[in-house]
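One chain, chain A, appears in both complexes that follow, with chain B as partner in the first and chain C in the second.
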Partner chain A sequence: MSGAARLGRGAALALFALYFALPLLSMLDFSTRAKGDAVGRTGQAWANLFQDEDLRAAIITSLLLALFTAVAMVVLLVPTMIWVRLRVPKASRLIEFLCLLPLTIPALVIVVGIANVYSWVTYLLGDSGLTLTFAYVVLVLPYAYRSIDTALSAVDVGTLAEAARSLGAGWVRVIVSVILPNIAQGVLGAAFVSVALVLGEYVFASLLHFDTLPVEIALLGKSDAKTAVAASLASLIFASVLLIGLSFLHRHRRSPS
Partner chain B sequence: MIGGRRRFAAAAPALGLVPFLAFIGVFLVVPTLTVVATSFQGEDGGFTLANIRALGSEAALTALWHSLILAGSTALIGAVLGAILAWLVVSAGPTSVLRRLTLAVSGVLAQFGGVTLAFAFIATLGFSGVLTEALRSWPGVDIFGSGWLFGLPGLIVVYCYFQIPLMVLVFVPALDGLRVQWREAAVNLGASTWQYWRHVALPLLTPAFLGSMLLLFANAFAAYATAAVLVSQGNPITPLFIRAALTSEILLGQANLGFALALEMIVVVAVVMGLYALLLRRTSRWMT
Partner chain C sequence: MTVAAASSSTDRGLAVHFQSISRLYGATRALDELELAIEPGELVALLGPSGCGKTTALRILAGLDTATSGTVLVGGRDITRVPANKRDMGMVFQAYSLFPHLTVADNVAFGLRLRGSSSTARRARAREMLELVGLGQQGSRYANELSGGQQQRVALARALAVEPTVLLLDEPLSALDAKVRVQLRDEIRRIQLEVGTTTLFVTHDQEEALAVADRVGVMNAGRLEQIAPPAELYERPASPFVAEFVGLHNKVSAVVSSGVATVLGASVPAIQGSITSGSGVAMVRPESVSVAPSETGAASVVSVGFLGPISRVHVVTDAGDTLMAQLPSSLAVGLAPQDRVEVTIAPTPVLVVAG
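Entry: the complex of A and B
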């Protein structure tokens, strides 16, 4: 590559880096600024993340939701996808279509139509923010499907199942202790993405009036911008650690082959 | 009798899909059908086209127009800049740190919530944002102006921040699909770098580029969170118009207008994604 071309590349990359880093660094600066016109730094906004009662409750709700969604997604999706491959291959196109459907139907549209369903859910299970788990499983479906599907394609599910069955294993055992360990990384990847998506989800929570972290951040923004910015940056960092950890997971999976 | 049992035995494995199908039915299919059905219902529950007709009102049309401008402009900007960044990343080599870092950061910025991004830009370009204050003290320019950040222009700026990373994520695989052999073949036949790009690479990449742009368009058109946090006055775009229709029932005296607006969104996104599927089929002829 010529010197000029290399210089151009470097300059372009530097501009992109500046563009993406500026808002993030601004958040750090903004959230640690001293009050009013005073000069200096304060960690008050960050300390609020642990002291503010409402915020703490919202963080707990969001973390529990992330956990429940990841677990429910695995319980619902993994056996279904394995079962389709083993026993009902004809249905594979249908399941794929349904799983990818939430990409085509905006979340906002689902929220508009889900009021009746949710009045039943809250009637049966109580008016808890944790009932959002149901909606969130639908939301994370396309991403979870892709991750698990990739993992399943890499193993010979049919042969594994046949071998286990001929040794006397029942179907539950085939799925849980024979196939699941072989696709563990794909399932873990799906769980990571689910957690990251749930922690940032705003549409369902705000319009169905549940106090999750993003809803609380948006509310805080009206009275205490610094704490809102601190909470935003904290959740962004948390999601980054999760998703960047995920990319390393993928790298390790590829390396042995 | 035996035939019946055999038919049952053949259908039995399908029963394993019932929990999944029931779940999707209740939490995805029923809500979507509810939107479609209620769009054609009046307040008394009877059939009416009044809600659909209300989509033609000036306020609803303006919101749709602004939504299309927002989605179109950010899809274009995002696709062009994202493609450039994707090319910079791919040409750095398949195992480079730059590539891994860019893809990981893009994954976070493209998928993680809009609320966070709204506050990132409030902290940067808001009234007392870092960049605003820096430029106010030197060279004394007020970029905050009259609060453009909280209207349509602001949305365009903020949306690009997640559109560019999304473009990187979907366009890098297309660039990876360009085989070295094609370039070698072109060079062997005496092509210059310019001729290779003009006659080989660009025609091959065009369907993928346009397809990615459609995906970006649908993404921006359906986005809600960023706009909901940034814009508190007025309903400049369709998603915010839906919010208003849902939270204040007296809007235009149309109880089910929110449903009709949601139907409008389904139609726009379905058309865009349909075109996307067509382009994808064309792309996969070469890129596998």
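Entry: the complex of A and C
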């Protein structure tokens, strides 16, 4: 690579870094600024993340939602996709269509439709924010599907399953001991993306009146902007760490033969 | 219950019997009333073009496909409805099928783990099997660190580790390059003789089938055209299809009377299955044809192909028959297109069919 090209690439990278870092640094600056016109720094906004009752509850709700959504997605989607691939490949188009459907419908439209269902859900299961899990599993389907589908395509699932069966493995054994370990990266990726999506989801939660972290941040923004910004930055950092961890995993997986 | 107990007590394996097995895919008959009996300890190769039903037959025996009708017996026991994982068979696939997340040794021990044997027993058996296939030192490696040939060896070790009732080889050499293919082919035969497991070997490569099998079954359109020891199949093909599939053939006009065919002026015995009298087409092997330079010969050379130890010479007779002769290259030296040659047919028996 010539010096000029290297310089150009470096400049572009620096520009991008600035573009991403500037708002984050501004958030950090703003959230630690002392009250009013006073000079100096304060950690009060960040301390509020743990002291403010509502905010803490919202953080816990969001983290639990992320966990439940990721687990429910894995439990539902992984066996279904493996089974479809092995036993009913004809249905794969239909499954793909169904899984990608949420992507094509605006969140607002889904919420309007789902609101009626949720009046029943809250009636039957109580009004805990965790009932959002149902809606979120649908929301993350397209992304999770892509990740798992790519992993499944990378291994010869059919032959591996047949080899395992001929050696005496039943279907459960085939899925758990042979296929799952070979698509683990994809499943993990799907889970991480689900977590990141759930932590940032606002439209569903807000319109269905559940107090999740993004909803609480928006609310706080009107009364205590600094704490709201601190919470946003914290959740951004958390999601970034997850996604960076994900790309790290991808880079370090064994290259296929 | 499985039939494992029976296999471990005998060295000679179990008999396999396909009884009028049919398999329909929609309107297509992949197998059409297939009848095939394999003796205990025997290695039978199923040979045929793609789509002839050979792989379907093997998969039905493995339990990976289901017969539309008919019965499969192993050791006299009806296993037609037994699921694949209860059949205790060992299978090697055409595609590489080692579990990528396990080491070579763990791959070989996989079936043993399912059968609940202790980890010491598993490790010992895995090592024994890897020694058998010549990979004793490779147990701790992963599949993606091995060559194609090594992977298929491990697959063979894995299939044999569970002491299978029947060993199933589904074109195990097709993905390998020529040199490894020949080497591994001979090794499969050596190992099969050593362990004595009844084996079904499916291939589309006639040389491979003839080289390893006790008997070769040639399949066409879902049926077994002929099953015989390699030499018999080669020398006495039962049908034009078999004759053409097992070796390259010249079709030369011939006249038959009382069991003797007259081909290009030579008298040659007509084998069983030939027409009994009248004119027809004789199927003459290239190695039964020889050519020699002769100014007065009744044929001329079209082309000469040099293949190392042998050469193939294409000639056209003045009567219009096109023939291929296969000769030691030393005899083909000096032949060139347009040369006049004399064509002679060796008196080996030929199949003559109605033309």
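Please note the rule applied: the second predicted complex is superposed on the first by the 236 of 257 C-alpha atoms of A that agree within 3 Å, B and C clash if a C-alpha of one lies under 4 Å from a C-alpha of the other, contacts with A are read in each partner's own complex, and residues count from 1 in each chain.
The rule is short, and it goes like this: contacts are C-beta pairs under 8 Å (C-beta built on N, C-alpha and C of every residue); 3 or more make two chains touch, one makes a residue touch a chain.
All values derive from a computational prediction rather than experimental measurement.
J.: After the match on chain A, would you call chain B and chain C a fit or a clash?
T.: Here the two partners, once superposed via chain A, fit next to each other without clashing.
J.: Check the contacts made with chain A and report whether chain B or chain C touches more of its residues.
T.: With both complexes superposed on chain A, more residues of chain A are touched by B.
J.: Is A:105 touching the first partner chain B, the second partner chain C, both, or neither of them?
T.: first
J.: Would you sort A:46 into first (chain B), second (chain C), both or neither based on which partner it touches?
T.: It touches nothing on chain B or chain C.
J.: Angle at chain A between chain B and chain C: what is it in degrees to the nearest 10, using CA centres?
T.: Vertex chain A, arms to chain B and chain C: 100 degrees.
J.: Check whether A:181 is in contact with chain B, with chain C, with both or with neither, and answer first, second, both or neither.
T.: After superposing on A, A:181 lies in contact with chain C but is clear of chain B.
J.: Between chain B and chain C, whom does A:168 touch in the aligned arrangement: first, second, both, or neither?
T.: second
J.: Look at A:217 in the shared chain and tell me whether it touches chain B only, chain C only, both, or neither; answer first, second, both or neither.
T.: first
J.: Kindly classify A:159 by the partners it touches after superposition: chain B alone (first), chain C alone (second), both, or neither?
T.: It touches chain C, and chain B stays clear.
J.: Figure out whether A:114 sits in contact with chain B (first) or chain C (second), or with both, or with neither.
T.: After superposing on A, A:114 lies in contact with chain B but is clear of chain C.
J.: If you stack the two complexes on chain A, which partner ends up touching A:26: first (chain B), second (chain C), both, or neither?
T.: first
J.: Chain B to chain C: minimum CA distance in the overlay, Å?
T.: Between chain B and chain C, the minimum C-alpha distance equals 10 Å.
J.: Looking at chain A, which of its residues have contacts with both chain B and chain C?
T.: Common interface on chain A, chain B vs chain C: nothing in common.
J.: Residues of chain A touching chain C in their complex?
T.: Those residues of chain A that touch chain C are 155-156, 159-160, 162-170, 173, 178, 181-182, 254-257.
J.: Where on chain B does chain A make contact in their complex?
T.: Residue list for chain B touching chain A: 13-14, 16-17, 19-21, 23-24, 26-28, 30-35, 38, 81, 84-85, 88, 91, 98, 100, 103-105, 107-109, 111-124, 126, 128-131, 161, 218, 221-222, 224-225, 228-229, 239, 242-243, 246, 258-259, 262, 265-266, 269-270, 273.
J.: Quick one: in the complex, what on chain A touches chain B?
T.: Chain A reaches chain B through residues 9, 12-13, 16, 20, 22-27, 29-31, 76-77, 79-80, 83-84, 87-88, 91, 95, 98, 101-114, 116-117, 134-135, 137-138, 143, 193, 196-197, 199-203, 206-207, 214, 217-218, 221, 225, 228-229, 232-233, 235-236, 239-240, 243-244, 246-247, 251.
J.: In the complex, go through chain C and note every residue touching chain A.
T.: Going by the criterion above, the answer is residues 2, 62-64, 83-91, 93, 95-101, 110-111, 114-115, 142-146, 155, 158-159, 162, 168.
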